[in-house]
Amino acid sequence: MHDAVLPPDPTTVADLARRALAEDRAWHDVTTRATIPPDQQGHGAFLVKTDGVICGMDVVAAVFAAMSPAIELDVLAADGSSVEAGHIAAEVRGPLAPLLSAERVALNFLQRLSGIATLTRRFVDRAAEGGPAQIVDTRKTTPGLRDLERYAVRVGGARNHRNTLEDGVLIKDNHIAAALKRGISVDELVREARMSAPHTLRIELEVTDVATALLAVAAGVDVILLDNMTPDQLRTAVQSLGGDGRVLEASGGVNLDNVREIAATGVHLISVGRITHSAPALDISLEIAAQ
Amino acid sequence: MHDAVLPPDPTTVADLARRALAEDRAWHDVTTRATIPPDQQGHGAFLVKTDGVICGMDVVAAVFAAMSPAIELDVLAADGSSVEAGHIAAEVRGPLAPLLSAERVALNFLQRLSGIATLTRRFVDRAAEGGPAQIVDTRKTTPGLRDLERYAVRVGGARNHRNTLEDGVLIKDNHIAAALKRGISVDELVREARMSAPHTLRIELEVTDVATALLAVAAGVDVILLDNMTPDQLRTAVQSLGGDGRVLEASGGVNLDNVREIAATGVHLISVGRITHSAPALDISLEIAAQ
Amino acid sequence: MHDAVLPPDPTTVADLARRALAEDRAWHDVTTRATIPPDQQGHGAFLVKTDGVICGMDVVAAVFAAMSPAIELDVLAADGSSVEAGHIAAEVRGPLAPLLSAERVALNFLQRLSGIATLTRRFVDRAAEGGPAQIVDTRKTTPGLRDLERYAVRVGGARNHRNTLEDGVLIKDNHIAAALKRGISVDELVREARMSAPHTLRIELEVTDVATALLAVAAGVDVILLDNMTPDQLRTAVQSLGGDGRVLEASGGVNLDNVREIAATGVHLISVGRITHSAPALDISLEIAAQ
Amino acid sequence: MHDAVLPPDPTTVADLARRALAEDRAWHDVTTRATIPPDQQGHGAFLVKTDGVICGMDVVAAVFAAMSPAIELDVLAADGSSVEAGHIAAEVRGPLAPLLSAERVALNFLQRLSGIATLTRRFVDRAAEGGPAQIVDTRKTTPGLRDLERYAVRVGGARNHRNTLEDGVLIKDNHIAAALKRGISVDELVREARMSAPHTLRIELEVTDVATALLAVAAGVDVILLDNMTPDQLRTAVQSLGGDGRVLEASGGVNLDNVREIAATGVHLISVGRITHSAPALDISLEIAAQ
Amino acid sequence: MHDAVLPPDPTTVADLARRALAEDRAWHDVTTRATIPPDQQGHGAFLVKTDGVICGMDVVAAVFAAMSPAIELDVLAADGSSVEAGHIAAEVRGPLAPLLSAERVALNFLQRLSGIATLTRRFVDRAAEGGPAQIVDTRKTTPGLRDLERYAVRVGGARNHRNTLEDGVLIKDNHIAAALKRGISVDELVREARMSAPHTLRIELEVTDVATALLAVAAGVDVILLDNMTPDQLRTAVQSLGGDGRVLEASGGVNLDNVREIAATGVHLISVGRITHSAPALDISLEIAAQ
Amino acid sequence: MHDAVLPPDPTTVADLARRALAEDRAWHDVTTRATIPPDQQGHGAFLVKTDGVICGMDVVAAVFAAMSPAIELDVLAADGSSVEAGHIAAEVRGPLAPLLSAERVALNFLQRLSGIATLTRRFVDRAAEGGPAQIVDTRKTTPGLRDLERYAVRVGGARNHRNTLEDGVLIKDNHIAAALKRGISVDELVREARMSAPHTLRIELEVTDVATALLAVAAGVDVILLDNMTPDQLRTAVQSLGGDGRVLEASGGVNLDNVREIAATGVHLISVGRITHSAPALDISLEIAAQ
């Protein structure tokens, strides 16, 4: 698992940084233009104000680099570090004007990604108390930021589910119901998917009850998505469906209160939408001092 | 205030919808391709699962339109509607395959924007119990989605602050401190800003204590940002700084617990970062039925 | 397998059509501007001059649509049709000037995609004489045209391999050799991949000899890529490695002379690079008549 | 003719390289991420497996540069070099992971462009045995890659025809027929083109018989395109139409079997579509060794 | 010459219109949002305030279409029409808000292009008094708007010179001087250009004295650019260099005062930079009335 | 006012430079390719041929940088310098071929921006003779170049008006008339704007007579736009409307003949459309010498 330490694609990062600065018209900061001379220097400290996991330093670097090559970033807490409130995650120094103009964009990325990494880490740690189940993300990400948010999930210690609709076969309740309408049974469906999807993909099938799950097993699915089941139901499912290298994934309504108990049921994976769609931003400020 | 009902820029919306579908490789949905024939029809209902304010129907429409011109969207709860859990916000019908392939992207937009509108509405309602102060947003938005998120804020009943660094002069503590380092006083700073920024912009100045605020008043600022003050401090500030059409904005650490008391102090505006940076997604699902 | 009939993503198609027309400065066709009045009408017939399989009609439609909404396209041979030399695949009619200006771009797409579909069909047919093995493509596609070329492969009757490096785990000789340098054995490698790659992906491993293949089997790989083996070696591999739902893919140096014999060995898949990287364009001309 | 040595536009090259890497999701190579640690180093050799002419080293350089600034490329066979099977065209060294992830994209460019240069060189050499006629390309190029493919044609020793519909007046049979329908004769057509097209362009006219060609000569065309004529017809055409600096171009059905005889007829130019639309990829592999 | 009536490329036009509206944040017109309700209707008349030639109606149409499909444009003076001050060139009607928000962008295009067409027409008319010489443009256009500005030149009655550095060979004094430094004579230079540039291009050569011009003629150039010559010098040049279909182009310091005399010298073409780089905008306003 | 010296956004500049070079196909300069060997060196001097103010050196630098990293630019007259005819504004040296190929694009930017700066300076100087009024620009800029042209205006010594429709509230005659149609008075309109537009914006209102202006004053507007008034009317307006920090802006038909008298009326700002929409290009040539 060399993956977690690999930073996000620098081309994507540079492009997102430039777009965000343009969206904020950072170069056209009328206040800073009017009040700060170009030669005044400054220093800034990214102050963490709530305990959390840092994520996004590559984007922060790209944001400042796009504003001015004269700004230097000194990362004190690399992505993935747990930082306590009151500590400094990174320092920047250089011309004051571009520091001020880029501040908000840099923070918008850093706070969001750190927020995701922080919440993910909490789910990972809580689940670990229950069992060896891995936390995985979902496709419930912010439009335009999926690569970055999936990176934040890995930084938080979880694992990525499929990235797009193209890199995973996941036959959901809707696919099954639609097939039944046409008189196609679950096992025929699985066979069809097996034949037409790229052979590099496993077949995952969503079930809401053990009976259907047993049909899925008979049909030879590789992964079973156990949706919205109680811990008791999950335990029963694990007993009847586990084995033969079959992967069991729990999903639906997972939160910090129930994730430990779900992990204890013996499922292999627990997918959690809220680590990406509802993670609050981590409270970080940039404390700037002029020279 | 004809503004709130104006939908977001259709060019921007269509572009964001297309990018999000590409990011998800929605057209290349291997599961749906393998399991759903092109001629099977379907119907979907956007089921609201938690009380909230709907926002994002134009984006939802653009997402489905980009997938298939044959999909029809029937909006039951227009943007801005309060919907209770269990109600249907909109229905779609048409070919089942593109319905399924676009589901996640449509929901990702709808849930996020509705989440922002919902949280904003809560702040607006709570503040209204305290006084006539208006809630305003900040630039703490998701990179790439600022236009949409500011729209969601308006839909939630709040008002927009400046959009970019170019359309508002906001002299912050850092600008003031940097000027003092150079031996420039606050009133000189204000005069400089007045002379060089476009004359269409007001001058807003951030203060953390009433003494500085009085200097600002003397310097003729139009708007005073009262940062991180207690309700008592705010009340004092209102008494000493109000009048002459001067606008007073409170900011810093505003939450649902203290917003009513802040509104009661008599400030005109209360800016809240968390309505955009930390709003949880509104719980909405798309219930699909095949035909 | 509803897939083959699904046309390529219309957004991608329209974008590629527009870029190609711009690359050819089709709107600025100095010859046609100088010699054809805007109101002269014309008719064109896509004449197939060598037997082949048609592919690309959606792109042709997008090309003409981008040039003039007044041009009508009448497709006589839908994508996937086998057409003999001398037959007409489609007709266009409308204003003559844009017909002439778009001719080359339309043909560049149609001839290339039909060339791929045609060569693919020949491989598919030849393989079918040997056994039930499926022909699959590779990532050896034209930069910028992968989606279209993979579509042409499906139209030709073959199946797609993984699309990108993200939607398939394929541990190649280089990965294995690099791991051995670090003292990591093949089975450890497989386990690592199993743990860190998305669980929706199968693990495929490339082997060049049966001994390594047996290690791979023990390590629990899902798919084995048998690279550059003789038919005899392949037959031996099938006997010793087949079973348990394990997929066997042959690759390397596959051509129309040996594909039948390879298919007869009992492998499940035969991947062929040349159907995309070396397919000659199908000979098609656009016979235009003025009115 | 300083042209052939001039590499393609670096901005275009860098852009194409980045798009191709994104299309392949090279940064998101799940296999390499899972199996290769970031600090393992590697070395690669581009092994030519069939005799050919190398073309595309600038694109290869751009591909690796976009993946990692730490990768060094050492070009042994510059663009235009003839390389025999078994020789090494270039070497790369640096971090192993990005080497592996960029391998396919680099080869896709290099093999395609070298394939075009190789086939072009064969046409050029074969034609030279017949006479001094120059081989020229056509607009039958891959959509999106025209600049690169035209460069490969020059590298192969041939000359470029017009690039777009804007930089050459070529009155084809269709333009003539359309004019005749309107009662416009060939010489009127030529005069019209002479008056309205930019004066920097010559007037080229396509003829299929000598009689029309004589009309064209009388009308003062600069270049005559002799389409689909037999060598005998071409010889006759050369005798009756040559002189006065008039350029004669043969086209249609030119292949390696007949190009020498066509060159011997005395035409000045022979345009060949297949050097771009049907050149097979040159067989090159990247032999990678880990350290 | 069917060319002048052909409108500019609709894809380019739509793209430029959308970018210009985005640059002006037209959808985010805070004034109109605050003061005009969405259902109020309006009417606008494009009032020409100085005599001139209209150009740009397609762009105006695209601008309004991008703002609102409900706006109707009624063109009274088509591109190329001469309109006297006080007359109406076009009318728009529809929802008032988008009319107001798009007004400036529509006018920015219309006034600039009409300004170019108007000044061009004046040069064309003035030159016609002197002789049959055609006015041609130069590459001295606004970055990003060349296609539109060249269209405006045609609308004004002049002819286009080469569009880019790729569609015309123009050997300038700098090329000649650089060659002489290397010991290359003008005729060798012309021969080199003849051999390596696409054969569809004529060879044009810039001369500043008749002696060099005679060398150029001996070297067989097709077009001679007579730069910065007096009318007397031009007359001499015409006598000594004319004939054999050779084209003579005058350039340098051409203005409305001297263009007639230059046209009277017998040159074929007169290129004028100021019709694009210094044409003042035509004075047009949009008179809007609410309903 | 540190603003004027701040160069334009380097990301925007680099992007515009690259697009302009692509629009001119500068890399594909067939003349230079055919006549200049890659190793010949050259030197160029930007010769100012008419007195003026230089503007655009950053764009010039970006243009040459995009063509070749080997070209060095030595700026002798920084942006904002007044240069007399016959002086050299900058020198370039490096490989001759890219120097020649980029010449026109570099000049197109430099001449246009210097033209704007020069005309602006003339207005500023002329106004200064009349009074302390500041010259401001308008939104009448070239589509796609607004940021650069506003920069040129600042370089010329004037001040920027609002950049877009989003960063200034300017209630024009059309807004007022539309409101009156609905029975809304001017003061209600101002109040509405005050409530819904971002509070960072001042309210500016256009008036054509003093009576309406007095209503506007009563309604509390911050800025009054006095449109198309005579100097006498302006003087009256200044007397009756001045004071209380209210800003008075004159506009409409301002030219070099009347700007001094307008400035003498006591208005604070004079907005001039022609400094951007009708500034003639400054006459600058690039004198190149080969080595």
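Order as written gives the chain letters A, B, C, D, E and F; numbering starts at 1 within each chain.
Note that in this section contacts are C-beta pairs under 8 Å (C-beta built on N, C-alpha and C of every residue); 3 or more make two chains touch, one makes a residue touch a chain.
Quantities reported herein were computed from a predicted structural model and do not represent experimental measurements.
**Student:** Note the shortest touch-path length, in steps, from subunit C to subunit F.
**Tutor:** 2
**Student:** Which chains lie in contact with each of subunit A and subunit D?
**Tutor:** The common neighbours are C, F.
**Student:** What chains, if any, are shared contacts of subunit A and subunit C?
**Tutor:** B, D
**Student:** Please tell me whether the contact surfaces of subunit B and subunit E are same or different in residue numbering, using the over-half criterion.
**Tutor:** Subunit B vs subunit E: different; shared/all numbers falls short of half.
**Student:** Between subunit B and subunit F, what distance separates the C-alpha centroids? Give it in angstrom.
**Tutor:** 33
**Student:** Report, in whole Å, the distance between the mean C-alpha point of subunit B and the mean C-alpha point of subunit D.
**Tutor:** About 53 Å, centre to centre.
**Student:** Subunit D to subunit F: how many Å between their CA centres?
**Tutor:** The separation of the two C-alpha centroids amounts to 45 Å.
**Student:** Check each residue of subunit A and list the ones that touch at least two other chains.
**Tutor:** Those would be 1-3, 28, 33-37, 163-164, 166-170, 192, 195-196, 198, 201.
**Student:** What chain-chain pairs meet the touch criterion?
**Tutor:** Pairs satisfying the touch definition: A-B, A-C, A-D, A-F, B-C, B-E, B-F, C-D, C-E, D-E, D-F, E-F.
**Student:** Please name which positions on subunit E make contact with subunit F in the complex.
**Tutor:** 16, 19-20, 23-26, 28-37, 40, 42, 96, 100-101, 104-105, 107-109, 111-112, 115, 139-146, 164-172, 174-175, 177-179, 181-182, 189, 192-193, 195-198, 201, 274, 277-278, 280-281, 288-291
**Student:** List the residues on subunit E that touch subunit B in their complex, please.
**Tutor:** It is residues 18, 21-22, 27-28, 33-38, 66, 97 of subunit E that touch subunit B.
**Student:** Which stretch or stretches of subunit D touch subunit F in the complex?
**Tutor:** My answer: residues 1-3, 5-6, 8-9, 11-12, 147, 163.
**Student:** Please name which positions on subunit D make contact with subunit E in the complex.
**Tutor:** 1-3, 136, 159-164, 166-170, 192, 195-196, 198-202, 204, 220, 222-223, 245, 247, 249, 268-269
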